[in-house]
Amino acid sequence: MKSSPSFWVTSVSGVTSDDIIIRGYPMQELVGTVPFTAIAYLLVRGDLPTPGQARMMDVLCCSILDYGLQKSGTLAARSIVSVNPRMSAGLSAAMLGAGEFAVSPEPTGRFIEESYAAFKASGESIETFAAQYVDALRAAKKRVPGFGHPVFRGVDPRAEKLKTIAIEAGIWGEKNEWYEAVHRAFQKAANKPDFVMNDVGMLAGIMAQMGFTPAEMEGLALMSTMPGLIAHVSEEIQSGAINRLVAAENTECQVEKRDLKTDLAAAGWA
Amino acid sequence: MKSSPSFWVTSVSGVTSDDIIIRGYPMQELVGTVPFTAIAYLLVRGDLPTPGQARMMDVLCCSILDYGLQKSGTLAARSIVSVNPRMSAGLSAAMLGAGEFAVSPEPTGRFIEESYAAFKASGESIETFAAQYVDALRAAKKRVPGFGHPVFRGVDPRAEKLKTIAIEAGIWGEKNEWYEAVHRAFQKAANKPDFVMNDVGMLAGIMAQMGFTPAEMEGLALMSTMPGLIAHVSEEIQSGAINRLVAAENTECQVEKRDLKTDLAAAGWA
Amino acid sequence: MKSSPSFWVTSVSGVTSDDIIIRGYPMQELVGTVPFTAIAYLLVRGDLPTPGQARMMDVLCCSILDYGLQKSGTLAARSIVSVNPRMSAGLSAAMLGAGEFAVSPEPTGRFIEESYAAFKASGESIETFAAQYVDALRAAKKRVPGFGHPVFRGVDPRAEKLKTIAIEAGIWGEKNEWYEAVHRAFQKAANKPDFVMNDVGMLAGIMAQMGFTPAEMEGLALMSTMPGLIAHVSEEIQSGAINRLVAAENTECQVEKRDLKTDLAAAGWA
Amino acid sequence: MKSSPSFWVTSVSGVTSDDIIIRGYPMQELVGTVPFTAIAYLLVRGDLPTPGQARMMDVLCCSILDYGLQKSGTLAARSIVSVNPRMSAGLSAAMLGAGEFAVSPEPTGRFIEESYAAFKASGESIETFAAQYVDALRAAKKRVPGFGHPVFRGVDPRAEKLKTIAIEAGIWGEKNEWYEAVHRAFQKAANKPDFVMNDVGMLAGIMAQMGFTPAEMEGLALMSTMPGLIAHVSEEIQSGAINRLVAAENTECQVEKRDLKTDLAAAGWA
C-alpha cells in the first residue's frame, strides 16, 4: 500500500450515517456477539479469529495487566495527573513507557522475525542453523532477547502456560519451533541448561506465529497495561496528593555555587 | 486516602518475586480463568464482577472500537507515526484525543453524578425534580449531554441494545431511572418528543450505575479505542507515507508579505 | 475565524519552495536580526515587538527554566526515558505536567481576564469594585490565584523585578492596576497585609496586559521549561539508570490476598 | 554517572526555599542579565556560553520556528486540541512529531559523531578517510544524512549563513571540517558536484562541534518549534473548528461488506 502525504488509504473501517463497518462487518452486529478481545483481533489482523485464536488473543491481552506502582510508566502517569488531573493526560504519558528497557515485546518480535527469515533462507536444518546463529550473536557480543529470569530456573511457569494454550488453540507452529531451537542452542553454547525462555519471549513467539508485526506486538502490550493504568490514575486523582516529587533522601544534587559576575567576565561578556 | 507528594499508597496491585497480586488475586490464577475485560473490571472497580457485570463490561469496552480515519485522535496518531514510526508514540498522541468535543463520556458522567446527587438531596419525586432541573438548565442556556443524534429519531438502537443488556445483567438501577426521567423532561420542555438518548448518554448512565467515576469512564472509552488505533498505526507505518500534511486545496494561508526593515524601524529598533 | 473540520485556515506562516514566511516576514531575514524570543513574540502575537516588549518577552521565557528533579513533569520525563530513551518521548510526557496544580499560569490568567472584564462592565471605581469582587469570592469560598508564598512576606522580590522591567518597557497598564487593586483588597479583607502577590501572579498580569491569552500563557510557561527538561532528559539517558521506580520505603501497598475460587463462586461464576 | 532505579542524581539545578540554583548560579541573578537562549545553553551544556556561543545558540534555537500547517507535528497538535482544547495536550502531541523522517537532527548528529570517531581512530588523512568512508557507505547502499535539497544547487544559502556565524563566533572546528570532507567526497563519488549540504546537515555539524549530544540536538530542534506550535494551537482553539477530520475526497476506504454469521461459522464458532 502506498499513500501520498495528503491522501489516506485505509482498510480498517468505514463510517456510515448510522454505523461503523469494521473490517467488513457492521459494528452493531459484532458487539455482544463476540468478545472485545476477539473484535480486537479482527481489527488488528483483518479477519475474524477462530475460537482458539480468540482464546489465545484474550490471554495475550492479559500479558501485563498492571505493571504496578514501582514501574516507570505508572510513575509517569501518576506524576502527571498529580498536577494535571485528567485521565487522558495520564494515559498518554504512560503509553510512552514502552521501549527497549520495559513493556515492549517489539525487540524480541523483531529478533524472531529476522532470525526466522535468515533460517528459512539458509536451507540448513533447524538445529544446525540455530547453533550457527547463536554462535555468531555471541561472537558479536549481542544478547538474545526473551531469555532469562531473576527467579525461575529451567522453566518459567508463565511461559509454559502460554505454550500449552497455544498448542491447544492450534496456533503453535514453525516460528515457535525455530525460537525454541535458538533457546536450546543458547543454553548449550552458554553452558546454562537452566536458563529459561521467559514469558516475554514466549509471548513474542506466539504473536509472531499468529501474524502480528513487532509494532503490533508493542500495541497489544500497551493495550494490556490499560486496565491497571486506569486504576492507578483514578487512585492518584482521588488520593489528594498534589505535585509529586522524589523524596529528598533519594536524590543527590551535585550543584556547587559559582559566581556569576566572575564567570561572565571570564567568558568574555563585557 | 491521603498521600504526601513523595509517598505513594496503592491498593491496585503488589509485586512479588514471581507474580503480581492484582486486587488480592495472583495474576497467574486470573489469566485464562476469567476474560480480559472481567480482569479489567476487577482492576478498576476493585472486586470481581458477577457474570452479568462481566458481560456488561465487555460490551462497554466495545463502545468505540474504531473511531476511524476521519476522527481527530486517529488523524493525530497517524500523522505522528508518519515521521516518528513508533507504535508507542502514535498511541500516546491518540490518548489526548478525548475531551469536551469527542470520545470522552466524562462530561456526561459528571452531569449524571451531579444531577443525581441533587435529586437525592431534594426530597422531591423523580418526575417533579427532573422537570425543575431541566427548566433551570434551559433557563441558564446549558445543554444536557448525552441527548440527540443526527440520524436517529425516537430511539437510538445502540442505546436500546445497551439498556437491554444492562437490565438482563441486573445492573439497571436508580441512576438510569433518574437520567431517563431527565430525558423525558427534556423532550417535553423542548417539545421534541423524538429527541433520542444517544449511545454515549446510555453508556455513561450504565457506567455511573456500575460505580465508575467520570475519569474512569474516560479511561474505559480510551481503552475501547485501542484496537482500532493499533490497526491504524500499523497500517500507517506500513503505508510508506512520510510526513503527513494537509492537502493544499484544504488550506487557506492568510499571510501577507511585509517589509522587515520598515516594520522594525517603526517598532523602535535602531 | 471559522474553519470547517476538514478545512484549515492559518495566519501564522506560509511555506514557499525556499523559505518560510512567518507572519509576513521571510524567516531568513528574521533569523540573526532579532533574537529568538522576539521571533517567538512575533509568532504568537502576530506583530513584531518593540525593543521593550522584546526584553519583557525574553524575561517571560525565563519564568521557569528548570523545575527541577523534584517536580512532577521532570519526574515523568525522566521515568519515561529510563525505559524509552528518546528525547521526544521525554519532552512529550513533560508537556502534560502543566495544569491546575503546577507550572501553568492559565488559571491565573483566566481569573485576571474575567475579573477585569467584570470591572470594566461595572462602571465602578477600581478600589470599590475590587473590594466587592474580593468579598464575593471570599463569600463563595473561592481563592484568588497568584497570591501567597511559603517564604516571602510583604514583597516577592521576583515579582518586584518583573514589575520594574514591565514599567521600564512601557508595558505596565490597566490590567496590572486592576490586579494590584484586587491584591490590596484581598490583603485588607483577609487582614493579611504581608500576603504577597507572587511571581506567577505578576507574570500572568503582565502577559495579560501584553495581550496573551490564558492558553498562550500556558504555552509560554511550557516553553520556559524546555531548556531544563532537555538537560534533565539528557542527563537521565546518560545516567545508566533503567526502569525507574519508587523506592520501596516510600510506598505502601494495601493489597490483601484473597481466594479466587471462593470469590468467583460467591460472585455467581459456575 | 550511575544511578539506581530509585535514586536520582542531578547536576542541573538545586532548589532552595527562595530560589533555584541553575548549574551553580542563582536563577534571579541570571534572568535579565543574559538572554533566554544563553541560559538555555548553560542549562544544557553546563557552563556559561561566550558571547559568540550565545549568538550561535540563539540562531540554533531559530532553526525551525514554525513548521507550518502542512507538517505532521502541527497537524497532530491542531487535531488534538480540536477535541481536547488544552495547550499542554497540543504541545505534548507535537513533541512526538520529531523522528527519522522530520524535524530531528538526531540521525545526522549520530552520523557525524560516529564517522568522526572512526576518522580520529583511523590515523588516515581527512580526505583519504572521507573517500574510503563514503565508498563503504555507498557500497552498503546507505545514505549520508544532511545532504541534498529539492531546490538549492551548489550552495544552500541557509547553511552558508550558519557557517558564517559559526566562524565569526569562533566555533567552527574539526568536526565541521570532517563533515565537509565527507560532503566533498560524496559529491565526487556520486558525481554530483551541485549536491548541497543542507541546513539540517550544517546545523548538526555545528551542534556537534559545540558539544551537544544527538539527543540534545533533537531537544533543541523541538524547542525551536515551540513558538510556532503555541501560535498554531492558540489559533486552532480560537478557530471554532471542532473534531478535525480528513476531507472525504482525500481518503479511500478499502472496506468491503462481509457477512458475519457466515464467516463466524466458517471460523468454527458454533
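We just call them A, B, C and D in the order they show up, numbering each chain from 1.
We adopt the following convention: contacts are C-beta pairs under 8 Å (C-beta built on N, C-alpha and C of every residue); 3 or more make two chains touch, one makes a residue touch a chain.
Just so it is clear, the structure is predicted and the values come from calculations on it, not from any experiment.
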Chain D and chain A - chains in contact with each: B, C
Same-residue or different-residue interface between chain B and chain D, half as cut-off: same
Pair with more cross-chain C-beta pairs in contact, given C-D and A-C: C-D
Chain B-chain C separation of Cα centroids, rounded to whole Å: 27
Centroid spacing, where centroids are CA-atom means, of chain A and chain C in whole angstrom: 34
Distance between chain centroids, defined by C-alpha means - chain C, chain D (Å): 24
Residues within chain C bordering two or more other chains: 6-14, 30, 69-70, 82, 84-86, 88-89, 92-93, 96-99, 242-248, 250-251, 253
Touch-based graph of the chains, sorted into line, ring, star, complete or other: complete
Complex contacts: residues of chain D adjacent to chain B: 69-73, 75-77, 79-80, 82-86, 89, 92-93, 96-103, 242-248, 250-251, 253
Interfacial residue positions of chain A with respect to chain B in the complex: 1-15, 17-18, 20, 22, 27-28, 30-32, 35-37, 39-40, 43-44, 58-59, 61-62, 65-66, 68-70, 78, 82, 85-89, 91-93, 95-99, 104, 106, 150-152, 157-158, 161, 165, 213, 215-216, 218-220, 222-224, 226-235, 237-248
Chain A contact footprint on chain D (complex, rising order): 6-14, 21, 23-26, 29-30, 33-34, 47-52, 84, 88-89, 92, 246, 250-258, 260, 263-264, 267-269
